[in-house]
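Next come two complexes built around chain A: one with chain B, the other with chain C.
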Partner chain A sequence: MTFVLEKAAAPAGLRRIVIDPVSRVEGHGKVTILLDADNRVHQVRLHIVEFRGFERFIQGRPYWEVPVMVQRLCGICPVSHHLAASKALDLVVGAKKLTRTAEKCRRLMHYGQILQSHALHFYHLASPDLLFGFDAPVAKRNVVGVIAEHPELATQGVLLRKFGQEVIRITAGKRVHGTGAIPGGVNKSVTHAERDELLPQMPQILAWARGAVRIAVDLHRAHQEEYDGFGYVRSNLLSLVGKNGDLDLYDGTLRARDADGGILFDGVDSQNYRAHLKEDVRSWSYMKFPFIGSLGADLGWYKVGPLARIQNCDRIPTPLAEEARQEFLARSPGKLVHAPLAYHTARMIELLHAAEVIDGLLRDDDLHGDDLVAKGPRQIQGVGIIEAPRGTLIHHYEVDSQDLVTMCNLIVSTTHNNQAMNEAIREVARKYLDGKEPTEGLLNHVEVAIRAFDPCLSCATHALGKMPLVVELRSADGALVEEIVRE
Partner chain B sequence: MAPEKKKLRVATASLAGCFGCHMSLLDLDERILELLKHIEFDRSPITDIKTCGPCDLGILEGGVCNAENVHVLREFRKQCKTLVAMGACAVNGGLPAQRNHLDVRDCLQDVYLVGVGVSRGFIPNDPELPLPLDRVHPLHDVVKIDYFLPGCPPSADAIWQFLTDLLAGRTPHLGHGLIHYD
Partner chain C sequence: MGDAGEAAPAPGRGDGATAGDGRPRLALYWGSACGGCEIAVCNTHETLIEIDRHFDFCFCPCLLDGKRADVEALPDGGLFVTLWNGSIRTTENLEMARLLRRKSRILVAFGSCAAEGCVPGLANLASREETLRRVYVDTPTAEPGATPPRARTDTPCGAVELPPLLPRVATLREAVEVDFTVPGCPPEPHQIRAVIALFTAATADPSVLPPRGSVVGAGRSTVCDECPRTRQEKRLTRLHRTYEIAPDPTSCLVDQGLVCLGLATRDGCGAPCLRVDAPCIGCYGPPEGVHDQGAKMASVIGSVIDLAPLRSVPEGAAQDASVDAVLDAIPDWVGTLYKCGLAASVLGGAPARRRDRGPGGGA
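What follows is the complex of A and B.
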């Protein structure tokens, strides 16, 4: 099937506008837009332009190397890949349940990652658009401009991120590409001295995190109507949900809702992800297009990440973030929020939640235990799913009797949002570009919509999964002639 | 560092890398504010400048894995007086070069072409997609590189030492503890 504005009916003679590279996002992507002589928009595409094939060269490596190798997929969320791989390999070494110390050290590492990544995205990458306007001059529209005009806000962003990075350093050995987690547990716990480096900072971090939610809410309210409609894209939602429907970014079962909030599936064990998610390929992007299998490619695509998570869960189990979530939900009673720019507020609510979780963990003596690794009967495969800063991250490995990896399947967060990002930029193109001479400022509107999703295009270019692949053969009038599924 | 009259103009980009080196650059934390008194950014993932203009310093992360990487690398070499390979991938190809012993066509087929019983899988192929190279290369395979900053990633302290040496007009020297090849 082809979505509206995905493919120009007659591309010959159309003028090609390109945004290359998409900037202030992580990774490599570009947007192409085809316009006719009257600047009417005929085609809009977000292309992921690199192919790296991590899954392929990981085959043949010993499984214990994997958590350290795969974090090189992404320098912004290395901890997410590190932990998703470790969770999958926990099952391979038969560690169905980790020791309390191991699980809490990993959770601390993960929420440190959420805190630093969300701070980085909001303050360093996205805030210039929100503070200065989508068509502000290029010279000013960046973090240097924010530092010059809003030094206090910029400094808070730098220091929030620094704190998250320090949590990672203490749990993983270094800030980027550390170790820490190993199959079955962790290789070190947190010392009292390390805790004492972090804990005294918590009151300030919590205060800034509350302020971050306020800043995001205020920026949205200042442009309520424009932001609510900007790149608006209704879709299903997918995320992990923890026990009792709690928001849990480290572990849980898969839940999906339709665009009105109805449950599509719930309580799905991570080991069974393949039964529910399928993927399409387009000729023009190396990033695949996942969808919920039972709904098909046309209707089954979905959003992941903060906006999906805080609406998919039943509650956030920390008080300040839950209060902020309730305020967020109260602004559109009974209706799911689908505005991409609402991701920013949702992200800051999660940042506050991460700060609260870290605060709680730092007061927990289990962090200092010395029972670090669990073991059990060796298994041949395992799936690890985690909620990375950008959304649901799936790692799946098979390991042979020689301890070598024979199969690796990664579905990274950003890939899930592929269709939603493409639909969002098509909506922006319809509303802001259609019929106008495209200026730099107008084109930045397209990037603003992409940035809202906080895509990690670097992850997406490394990781190309082997999901069940569905090919639909349709006749010229769109009727389905044949559907072939490769499991 | 004494404030300079004219700021050093610096471009940065990530080629076939993971952005971890750029994260390490941001790990300068508060020192970023100090650094910005002495440098200004041209093309970089943190600005919206899409092509590299004339610069004093270019810093590239990541190796070279496709035709687009080659293009950006040459652009940087042409525009930047001094060009730095930052991090393991830029210096020697890094982890992505693990695919060098594999046939790129096999890799693509593995991912996109369907197996037994399916007839219509395909490998993405479009003029908008830069062609992958058969191997991942370090930057100095393609252009002359003036400085190599090893590490995966180089630590913020290493980047700081390197940049402050350059800004002060010294030959950069990373002592014990700052040079590492993880």
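What follows is the complex of A and C.
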């Protein structure tokens, strides 16, 4: 490997700094940094220290149980795994095309997931860094600080997320680890009563979603130069792209661009992902390092997720989000944006898109149909690819004549960003840590760069911390929904 | 093993288990987990603020910036209660379980992974080495010659960059002594509220706590008690796979030939899966008095198969074949019956004596 700062040339005598665990992220990670006596940085690595081995123990299970089992990969975006597995197994049961009702119910579920996950990441996990500064005091640098100083903003985040969770509950039965999709379709459609719970909330949700884009844009502009350069990492981009080059987070074909925007491949059927994507294994991380096979591991790595998606597609097929996207692109005409902190704006543009898609689906009577499951000639394998909140998610299964899974290959969203995250923290280390005594605040800079990549972090909707506060949650017409007082 | 004492004394101001402002400390930590338990806690919405009112919520990597070193710096017993979710898969999980056991007056196995191993516990059907090979080497996107990550990489400035995998997935109870168990994948929000209320009350009066070793945040009976469907205890001549039938929404799924684990699963969840026509997968673990959820369910299945048609079949191979024909509808019995409970079962490699911890506990 030739990555600068991946491996110290002469590690003898270097001091090891460990950030353990990386916090306000989903899952177990730590960062190690090797410094010499003058605090010059010699090596920086993001290690993913968890391992669960789903690929092995899904083997031997009946295929129809897989969509429920694989949700346990991630409790933060279980819907994504549920749907990626269902899409792969649609092909196994021969359902090349779902019924209109099934596809729309699944899309509604997925965009509900996108909405709640993006809201949570931005408002509750990332915004403390952006609002208070990367080296603000630890006690303040969390969602409590946000509630105390920006209660209106925090309230919007809470209610946006709650709405997304309700969409999931209505389409999947449970808010975490639901059961809505099955191979070939869905096991329930949406009732008119359920739709009527959600639809009246849409004007407020759309208004907040537009506001969310504005907040992200304004925060970025307030620190334009610092944010543009922070953890800057040029790379290829990968995502699904829908029909006519539209942004489509549920289905499409694979497209990759190089760092200047040139097309590397396009229109790749998900069944052929193996012809283009490979994975490298390094001794020091349980997370693999995917790359575009034709370019090799050194040059073929790429970014996925919102920043990749809104630049990889040709347009967003909903007007408000497309307008925001055009404004985003206009700030660097003809050049791709590679700043990790621009993920936040891209994420909020997608959140707005998700709200628009949900609004459209809730007005579509196909949601209430009773033709739920399609079937066809049984196949022995299937690949399902979906754009999960944090990026491209690939599920691949082979199934034997006894209906048991014989092979399972998963490439999950964050894995695609492994090299990009490592490069981003190396850039941060070079710029902010090199030659300085590492303080808590400086080390948090490293974590800020990691957090930018991971929209699938979610947690508290309400905050915890040290400061007294009163939070009023108000509905669209200003009525008090809930008052929370903490002394 | 842990040393939590017989009962957790109420923490007082200036006591070791309280923060400077007098609030008892609380931690929410994940072992080998998916994050869904954190999300479930967050889905209690306003209860989170209640937690903060009564506790110094000081360690939760998903949410807060406290680090492992901050926990290490606490006095032993410095945490009033730790809600541990996730199973024990790596040596890091084990170290953290031991650390948090030492630092916690009350350690709670929170959620199905901690309590039973849950779905990832099915990894115990394969060896650690086989699993690593499957994930890193024998996979369609692997490069030729790939080797699994090394658990221990020696470098001149220290070893260990990755925590090695343990030979099998273990429950929290196997690793350290556990005071209480909250089942569920994930625990349902209304039960989390009840559990938080219980531990909040315990900060003032520890006698409100049930005997150590108890299951809290759940019932004592089975999911059937909360299921809206009607059971007629029908005899079955065949079983169905879930995709083969569109179940009637009012009658028992087992009566309809589906393998629903509700009969062998503790109540308390409110049966949400049954309300969307999905069979129970058993995530609340076995009910009170049942040692082995899978074995219990196997005996249920045995009892509902209609043997009357077999009376005309001669005993021996032909009769066996008839029974097999019924059972063959389900090609993966271990994964079906132990979907959430394998790691805690003898079949999954757990020590045989792990339940029936009456008042006062005992390993």
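Everything below uses one rule, namely that the second predicted complex is superposed on the first by the 453 of 487 C-alpha atoms of A that agree within 3 Å, B and C clash if a C-alpha of one lies under 4 Å from a C-alpha of the other, contacts with A are read in each partner's own complex, and residues count from 1 in each chain.
Operating definition for what follows: contacts are C-beta pairs under 8 Å (C-beta built on N, C-alpha and C of every residue); 3 or more make two chains touch, one makes a residue touch a chain.
All figures in this text were calculated on a predicted structure; none of them were measured in a lab.
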Superposition on chain A - do chain B and chain C clash or fit: clash
Partner chain in contact with A:Asn187 - chain B first, chain C second, else both or neither: second
Chain B versus chain C as contact partner of A:Asp403, first or second or both or neither: second
Partner chain(s) touched by A:Glu322 [first = chain B, second = chain C, both, neither]: neither
Chain B versus chain C as contact partner of A:Asp248, first or second or both or neither: neither
Touching partner for A:Val138 - first (chain B), second (chain C), both, neither: both
First (chain B), second (chain C), both or neither touched by A:Glu387: neither
Which of chain B and chain C A:Asp359 touches, first, second, both or neither: neither
Touching partner for A:Thr155 - first (chain B), second (chain C), both, neither: first
Touching partner for A:Cys74 - first (chain B), second (chain C), both, neither: both
Residues of chain A touched, compared between chain B and chain C (which is higher): C
Residue range of chain C overlapping chain B upon superposition on chain A, of 164-172, 236-244, 254-262 or 326-334: 164-172
Chain B/chain C common contact set on chain A: 19-21, 23-28, 32, 45, 47, 49-53, 55-57, 69, 72-76, 78, 125, 138, 141-144, 158, 162, 165, 174-177, 281-286, 444, 458, 462, 464-465, 471, 484, 486
For the chain A and chain B complex, residues of the former touching the latter: 19-21, 23-28, 30, 32, 45, 47, 49-53, 55-57, 69, 72-76, 78, 120, 124-125, 138, 141-144, 147, 155, 158-159, 161-162, 165, 174-177, 281-286, 444, 447, 458, 462, 464-466, 469, 471, 473, 484-486
Chain A-touching residues of chain B, taken from the complex the two chains share: 14, 16-24, 26-27, 29-30, 32-33, 36, 40-41, 45-50, 65-66, 68, 94-96, 98-99, 102, 104, 106-108, 110-112, 114-115, 117-122, 124-126, 128-130, 132, 152-153, 155-156, 182
Residue ranges of chain C in contact with chain A within the complex: 30, 32-43, 45-46, 48-49, 51-53, 57, 60-69, 89-90, 92, 118-120, 122-123, 125-126, 130-132, 134-136, 139-143, 146-150, 153, 155-158, 161-163, 165, 185-186, 241-243, 272-273, 275-278, 281, 330-332, 335-336, 339
Chain A residues within the chain C interface of the complex: 11-16, 19-28, 32, 34, 45, 47, 49-57, 59-62, 64-65, 68-69, 72-76, 78, 93, 125, 138, 141-144, 158, 162, 165, 172-180, 182-184, 187-188, 273-274, 277-286, 288, 290, 297, 373, 396, 402-404, 407, 409, 411, 444, 457-465, 471, 482, 484, 486-487
